[in-house]
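Here chain A shows up in two complexes: once beside chain B, once beside chain C.
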Partner chain A sequence: MTRFAVLIVVLAAAMVASVAMGELNLAPRDVISALTAPETAPPYVAMIVNDLRLPRAIMALLVGAALAVAGTATQAIMRNPLAEPGLIGINSGAALMAVIVIVETGTLPDRLMPVLSFAGALGMSVLIYALAWREGTSSLRIILIGIGLGALAGAAATFVSLMGDVAAAQRAMTWLAGSLQDSRWPKVVTLAAWSVLPFAVLWGLARELDLFRMGDEVGQGLGQNVDLMRGVIILACAALAGAAVAATGPVAFVGLAAPHIARKIVGASHRLLIPAAALTGAILVLLADIAARRLLAPVQLPVGVMTAILGAPFFGWLLWTRRNE
Partner chain B sequence: MLALALVALSLWSLTVGASAIPLRDLITALTDPYGASRDSIVLFQVRLPRLLAALSAGSALAVAGAIMQALTGNPLADPGLLGVNAGAAFAIVTVLSLTRIPAGPELVWVGFLGAATAALAVYALGSVGRSGTTPVKLVLAGVVVGSLLISLTTTVLLHDSGTLDEVRFWTAGSLKNRRMADVLPMMSYLLVALAVAVSLASQFTSLSLGAEIARGLGQNLALWRAVSAAIVVALAGTAVVVAGPLGFVGLVVPHIARMSAGPDYRWTIPLCLLGGAMLTLLADTLPRALLDRDIPVGVTMAVIGAPFFIHLARRRTGRNNATGAAA
Partner chain C sequence: MNNSAGAILTAQDLWAGYGGAPVVRGVDFAVAPGRLTAILGPNGCGKSTLLRTLAGLQKAERGEVTLGGRPIARMGSKALARVVSVLAQNSVAPERLTVGDLVRQGRYPHRGLFSMWSSSDQAAVDEALEMTGTAHLADRAMETLSGGQRQRAWIAMTLAQQGEILLLDEPTTFLDPAHQLEVLGLIRALSEAGKTVVTVLHDLNLAAEFAGEVVLMREGEIRARGTPREALTEATLAQVFGLSALVVTNPETGAPVCLPRAPQ
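Moving on to the complex of A and B:
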């Protein structure tokens, strides 16, 4: 439990830091007073904190948590520590659908985006699974096919964005890099609403996820309906990834790094791992966003670029540690 | 046969575009390079540089891919997938942004350096461990290094909107707005590298048979590996300067070439040369002809190449997987 307490304290500190830092640096004390008692704080501080930076920080938290949990479950059911919704193309599927929404309708119907992204993520998961199926799946095949499908969906997204007018294409391009720039309260609420159920489902299925690690035969022997469970989990993962991508665009490597870090902290049992991964993912995206905003200020990097710069070496390190397997 | 088809395709690509030039007018314009007619200007300022860019980038990448596949013993090797193109692109964008020199042919050396560094990094990361370089490890290493480099490139470009404007189309793998002065100097590098590649083809055949057999045939492995890597870097670096980071040509073409010519690289390399030029030209021209829109050739290429990659991945891992079905 102390481990969770530490994670929560780090997360709270990252939240405060994320809200305090920006064009105008605020003292942490002002931030806390603006959050707890907005009437007493100076009005401009309350405005900056509550209307501009808080939705962004909460969005970062939710996106990080959603992608991390989706990554944890994907790694479990694919029995592959390198599987990640971004790497194996699930995020690209969601992104493709979202780009179609951005370009074709012109105006963004916020409510339609998560639905279509979810459909894209789900379609992609099913396609990867179906193409990788040859009397059973092999995790290598899943990853390679995911990389291929991801490249295809990425090309299709570029194609679609080129078909639209210039303004829409530009919006699609910024969005495709994975950005928290456009975090508004309604989008935060939509993402939260979409994430709650799949998160609860995955946490509730923690024991089933543990079983998946042992292999299908063991699961069947212990009375698990393997195919049904796999279907439900894929559905939940697609919902999480789809909602996160709909909110901010694809943010790479969080779904890979967060579960690994969380596993080091709380161990491999999913009952603990899922909440720990959610917290870790939230912390990672918050910190990445702070770095993305402040490193080259006044230039604001998309957070997705930052997570890729941080995540790629992490992935390399993972490859290195698994080199003899 | 293939060469004739390539000539026909080239002529066709010259006629297609925002303003169609009928074949008869095309020939008149071609014979009169300094003519002042509209057709002649379009032809020599717009279409011809673009045609040359497509041909040179395509043949360079296809041959580079074939050599990489022989060198690494890896059917999934491709300069785009393995991050070599991304390395060249990152180096070029960084130098453009830092030095503010206008984009020019001397950038090719920067491209070589970037391509070489990325190739080394990917190979080092992909070959660690007891099992040596396996296709999957190499591809994963390529994806990692590639995505890191692409993110860094994006960072540089977001930081510097002047450079962004200059290279926007180029980073998407587009052949739009090529000038003769950009393309022609590249041709000399390219012709040298291609000539070397063709003349060394029999060495690549031995390399592709694996280390044991190659050593048995008396090949100096270290030497020829280094030579092959240098040729790959030269070809990929040049191609990136000409066409931007263009993926999948180097994957698709060598496979088709080997399917039709067998494992002898003395046939495969020339076939790749022609086939790569043809495929790239086709990918560049078809969207213009069919959709009346200018799609970056990198996009079209991914649409063609990714399903091919998936097909290869299915087949290869099926065979290597002990429990899976045999291919």
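Moving on to the complex of A and C:
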């Protein structure tokens, strides 16, 4: 439990740092007083903290946690340490829908964007699962079909953005980079609401995830309904990561890296791994966002660019440590 | 509560395969309760497929498998797993999984979706570790064990299921001779303790030594069946394996020993 305490302390520190740092640096003491007793803090501090930076920090926390938990479950059911939620179509499905919305802004209202990209993520994972079905599913078929359909959806998104005007294409590019820039309270609340149920489902199915890591045959032999459970878990992953992608655009590598780091901290049992991965993912995105805002200040990089810069060496390290397998 | 005592596993006119030509072709087979049965046969004869179909890992294309008279296709998968345990070929544990964690997975069919770990779960796991002599390895990661220890841990997992029928697919393949004997010794002890065991084996002489009954398969059919002495004869070895062999008697154990002749 001390391990969780450490994760929670680090997360709290990252939250305070994220809220304190910006064009106007605030003292951590002011941040805490603005959070705990806004009426005693100077009004401009309370405004910056509660209206601008806090929703952004909480958005970072939620997106990181959602992607990390979805990544943990994806790695378990695919039995592949390099798996991440993008593999089950979440990014490509969401991106295609988002690009369509952005390019067609004339006809489609902007507020439909999260709803439609969420639908795109969910629809793509259902499609992949359905196409992988042949008297049951296998993780290899899901991975192969996921890669194929992902490439197809990527091509379609490019095609659609070429049809639009330059400004729209520019906006689509920004969205595709994954950004916390537009974190407002209503979006934070929507993401939180969408995340609760799939998170509870995945945590509740921790034992099933443990069993998935042993292989379909072992699970079947022990009486696990492998196809049903895999379907439910993929749906929960798609809902969780899809909600995150709908809120900020795809944020790379968190879904891949957070589960590995969490596994090093609490071990492989999903009852502990799921909450640990959620905390780890939240910390990663918060730190990446601080770096993205401060590194080239006043230029603010999209957080997705930062996680990609941090994630690429991690990916290399992962491949290096497993080079003999 | 978990065993339907004395339930007999049978196959009637069983056909099974992988979509193409059937690999198991019209097998009738009743597993001998309380005994150790070895299934033998050349590569591709359908012995693993028969075992997997008996375990419900694979659907029958025709005919059916019944447990205590009930078709297993119509049983719940957990209910079946409470009576029949199966150890698939070359099962690989995920990295850093400990023996204890592996064996605990064996309680899956006894637990509801949200039920807590119970004292009877713990008792079953302790007993399984005890019976397989792996209790002292409980905290070791699977990848740090020898091949024989690892196989004993997998068998412990199937024992924690507390089913009375144990189906093992080539549990000794890839083990050196000493570890093969270690695992087969354990399997024989389990059968003497009352478990019904069916195992696919490759080595004729180990089967002759350890099994109470052998089943010889060729081209998806059962060609010979009986005690090792009855079923392993020069005639059946020629017919099933296309092998010219001398069958002698082990002076210490009385079991038949097959000595193949090199083709001239």
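Observations on the model:
Heads up, the rule we're going with is that the second predicted complex is superposed on the first by the 273 of 325 C-alpha atoms of A that agree within 3 Å, B and C clash if a C-alpha of one lies under 4 Å from a C-alpha of the other, contacts with A are read in each partner's own complex, and residues count from 1 in each chain.
Here, a residue touches a chain if its C-beta (ideal position, glycine included) is under 8 Å from a C-beta of that chain, and two chains touch if they have at least 3 such contacts.
As the structure is a prediction and not an experimental result, all values here were calculated from the model.
By the document's definition of touching, of the two partners only chain B reaches A:Leu87; chain C does not. The wider contact with chain A, measured as residues touched, comes from B rather than the other of chain B and chain C. Touch criterion met: A:Arg79 reaches chain C, while chain B stays clear of it. Of the two partner chains, chain B is the only one touched by A:Leu140; chain C is not. Of the residues of chain A, those at positions 135 touch chain B in one of the two structures and chain C in the other. Interface residues of chain A, counted against chain C in their complex, comprise 79, 135, 204, 207, 210-211, 213-215, 217-218, 220-225, 267-269.
The touching residues of chain A, when paired with chain B in their complex, are 82, 87, 131-132, 134-136, 138, 140-141, 143-145, 147-149, 151-152, 154-156, 158-159, 162-163, 177, 252, 296, 299, 301-302, 305-306, 308-309, 312-313, 315-316, 319-320, 322-325.
Residues 76, 125, 128-131, 136-137, 139-141, 143-145, 147-148, 150-152, 154-155, 158-159, 172, 247-248, 293, 295-296, 298-303, 305-307, 309-310, 313-314, 317-318, 320-321, 323-325 of chain B touch chain A in their complex.
The touching residues of chain C, counted against chain A in their complex, run 55-57, 59, 76-82, 85-88, 91-97, 101-102, 105-106, 108-109, 111, 113-114, 158, 161.
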